[in-house]
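What follows are several structures.
Two complexes come next, and they have one chain in common, subunit A, joined by subunit B in the first and subunit C in the second.
Then we have the complex of A and B:
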């Protein structure tokens, strides 16, 4: 159980929480920063000011009410589908890996990968928009062809921690994986 | 958009001791970024040059990374390139080929970022037609504040200096090389009852395929045991097919289509004579490969070709059908009388002429020299552009340089360097892979 200061690729602070349930079972939780009130204000104000400018010329009140609707639904959709509060990775040696991300609205998406399909966990680098980032990913294999990587599952996709954080998760994952092989 | 490839090497004890000795001469190792639009999977002269040079430099303990992209224009590549340069701690940016848009982009941005720049020119240009006038202008602008330029032959140096209005002192000549172990002669592959002429080049106008189309029927009429083996692909393939059709030469002229680099040797050793009909060539790798396989070389006397091989190994002709035919006749006669040197003796003479090790050593010297030079600060760079490239183009590109600098300041503010993770060296002098290779087969 430890908490250390890490940051994500754009320099915002995130926190990593490692929980050791047993020597074969570890859980890593990366929590993103909360949505800042300033950002919400900026987006809301810009939509409303734009709507007011349109209203000033057209004098149609439907513009104003639609602006209110847009900001409200936009905010709801954002917290339900986009904003991820924390992502966790549960590694259970001999059983598999569970990846779950919970959104700000409370929605949770969980996937489970069984051990027989996992080839390895690695840190890879990728071109992401206009920069190059490191990310942690699980390499999958088909049980019929154990030497071929069939697909790649990237981890911590929305929080995008930096290398020092990834390296920490990587090392303890490898510890568990090497024990059960 | 981009595809990257980073290569490292494990230092063997012997190379460590070597680098320890060498460190008195050149104190530091460079991090070099090779930039070009040309890279694997389409292998040509430029591609293999970059690849082989990189491999040799890595052996010397430098860190080389490679950057390639297909479509970029001016500004939008800056964020990505900056990210690459900062992450990999690049000290020297080495751009290749004046056809490559990304090479020019990278030079431009690298100078804005204050990195040392080297440019290698692989081709010759004319001065007359519209496209070369424009390319030459771009080259002038791009090279006027580049630290050092490398050309592959003296002809190419002359050409580049004239085209880009450069000071000849900052232009070096470093030829290309071939890997002699890849191109060894094997006379047993030659069919005994005939004489085979091998041509390997892209089938395009620049390579003089129209001349070849004139030579084939003339020689085939005179010598019934003459066969042609033509490797390569291109728009001028039609010309050769027409010739073959018209004179009914299907059994004597074989068109092999595009060849992979590894298959080239297998084709070369089947022949007795290597023919090169290029109309312009900065440095012809193909004739060195041909000679290294022990073939008699006949070539046109254009560009840098006369510098490449010693006179007794090559027959030079004017780029006309008649002159080339006369040259080929002479070599065929020699071949029949058996007065040509043996393939093994030709190979042993050629194999030490052009080696990548030598190329890498000379390139290293260029890097050492460049690393000691200062990069022009913005104000002097602007003055240089204005004074060197004419009032209109100079001012325009000075404006671009200022905009690029402002864009860089914006990027530094939006995404500061400290938020970028430094790239981890998997192998090489400080490689991480040696100790934890066992736990991770494919990682990090």
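Then we have the complex of A and C:
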């Protein structure tokens, strides 16, 4: 059903995948833009050129091998801890909301928020450097104090989709939430 | 509302029978715990459930019926439906599996439906009606149920974090639905004892129905640990009796003990071992924390002792001790020689600076005499060093931490001269700084008001001003000489403190690292749960939504944070800025743990 093109706040293309498992269970997956090969090349080349310049003056081959090690481990750490491949939001009516983000290496970080702790889902506005961006967030409450927002969980933090994409997710989330109240 | 049914995975292929479990009040959900199989006598089932209820303190009920179609059991459906009149409930679940479908289908009958005139007929009618209405109505009806499949064994053994202190002990249920599910499964352990080898009248399916899970090694260890524990407890009580003797709490001994890191470590270890023998806490959540704490202490003590024995086996082999002892005196000599050279350099014109010659000479000679004293002390000690090392090495059998603490103490004793130099330098410097700061106030016509804790203006006499200014000038011109000595000896002292700090940190690390919890997190990730995660299972049109509940293991960092054993040095340390400030105004810094400063 998804043919519309979405973009994130910096203008790169992202895709929104919306799966309806049943009338009260939906899953939204936002895939971030892929890592560009040019960027990887630039970083690798700059580290290697620097290493070669140092080698030229010191004539110590350990510099070159350590540069190779640094680039390799840096790349591994990057895809394991930094680069998010896709983020998904699973809304299950009357049970809760599950937020998960999977990294490029396959690592997955998942949090499940129970329905008794969810106050609402809203779209917020935030000042981000020189622009104003919108983001979707879950408002949490403590079961003992149902009228106070105790904390806020921002969604789609790494892909940062634009408002048209957020509005779509927001509408379907609200539909499920209102049905299960 | 949507009805949620938590269904154990092991009951997927169970034979037809009754579902035993619990309704969770306020959340509209049911936890299925076991399936009791078909031939049974209802009175026996009721008696069994009452018995289990008394044992587990969970209000177990018969939730409904479960049917798995098999050949030659056509009449089963209507029979199971009739059962609802035998076990009266608010709601009656009928869960069915069908041939060729992976999903279940579920019907919920409320009480008035059951207690109608002809319950069987009515249900039949309803079913017929839904069939006539076509797919849509049926789907509407069935989509109101979510099946959440869980792995019973893992859920039973796991502990949700953060651990809530007042859980289940005083009958108050936790608010969260998942906590209730986890608590219900964990508390209904007596239900899982019945297995297929039992001769009782009932047969049931749950995670343990193929045979009980136990380990021979664990049972043997349990048996063996009783006399061992008794012996250890007796030894510990004798040791604490010795420790509490009055002669040890006389002033100088006590002061000495609080400064020697070996003694501190000894008292810490005694305290930890005493907690092992403490009685178990009653409520469930507290019991978990208590168990984890004890296990962590035990495992870290065992690891410590084994590392210590390794160290001992290295020390007492190939004359290693003699070699160390013979190296130690020349090393001390070399340090003293270097210090003498340093002092000679300072007494000349260090780095081209021109110092006050007289003060420079006085200070230098003073320190040289000190080094001379020190060297004679070392040479006096030399014959005994090997013996000290030999007996000190024996302490490693108590653990690596003891050996490290002893090393730290020995370093402190062997570098006592450096400490002395530092103290003299720092005191002199401190005096000058204080004098200068008060005279600078006099210079500006101000003074420090002690009563009001502030600087007031003040009119001085001419004599006072003259003497003050003179003293200020003298102090100011003598300051560089003192500052230079202070700087050099502070640097030396910092090196020693840094070394001792590293030793203390490693001792602290061994003492406080929750090794057992970490091993549990790595080998059995489900035991320490941070929460759960859901996955959508099969989707077939016409069946209810099926979710798989998996356990989300706790992060390693939060494992360390939660289960870290509190140690004696968990104080808020001085920040770097405070340390630098202290160094600048010449206050003394200590590596000792009971003081609030430490340079690491």
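Operating definition for what follows: the second predicted complex is superposed on the first by the 176 of 181 C-alpha atoms of A that agree within 3 Å, B and C clash if a C-alpha of one lies under 4 Å from a C-alpha of the other, contacts with A are read in each partner's own complex, and residues count from 1 in each chain.
Everything below uses one rule, namely that a contact is a pair of C-beta atoms (placed from the backbone, for glycine too) under 8 Å apart; a residue touches a chain by one contact, two chains touch by 3 or more.
None of the values given here were measured: they were computed from a predicted structure.
Overlay on subunit A: subunit B and subunit C fit together in the combined arrangement. In the overlay built on the shared chain, the residue A:155 is in contact with neither subunit B nor subunit C.
In the superposition on chain A, no contact is made by A:165 with either subunit B or subunit C. Of the two partner chains placed around the shared chain by superposition, subunit C is the only one that A:24 touches, whereas subunit B remains out of contact.
Once both structures are fitted onto chain A, a short way to say it is that subunit B and subunit C open up an angle of 100° at subunit A, using Cα centres and rounding to the nearest 10. In the superposition on chain A, contact is made by A:10 with subunit B only, not with subunit C. Of the two partner chains, subunit B is the only one that A:139 touches; subunit C does not reach it. After overlaying the two complexes on the shared chain, residue contacts for A:176 are found with neither subunit B nor subunit C. Put simply, the nearest alpha carbons of subunit B and subunit C end up 15 Å apart when the two models share chain A. Under the contact criterion defined above, no residue of subunit A touches both subunit B in one complex and subunit C in the other. Subunit A contributes residues 7, 9-11, 120-125, 127, 130-134, 139, 149, 162-164, 170, 174, 178 to its touches with subunit B in the complex.
Interface residues of subunit C facing subunit A in the complex, by the touch rule stated above, are 1-2, 4, 27-28, 143, 146, 148, 175-178, 531-534, 536, 539, 545, 547, 552.
Residues 1-2, 4, 79-80, 83-84, 87, 415-416, 418-421, 423-424, 439-444 of subunit B are the ones that touch subunit A when the two sit in their complex.
Within the complex, the subunit A residues that touch subunit C are 21-25, 27, 90, 92-95, 98, 100, 110-112, 114-117, 143-144, 180.
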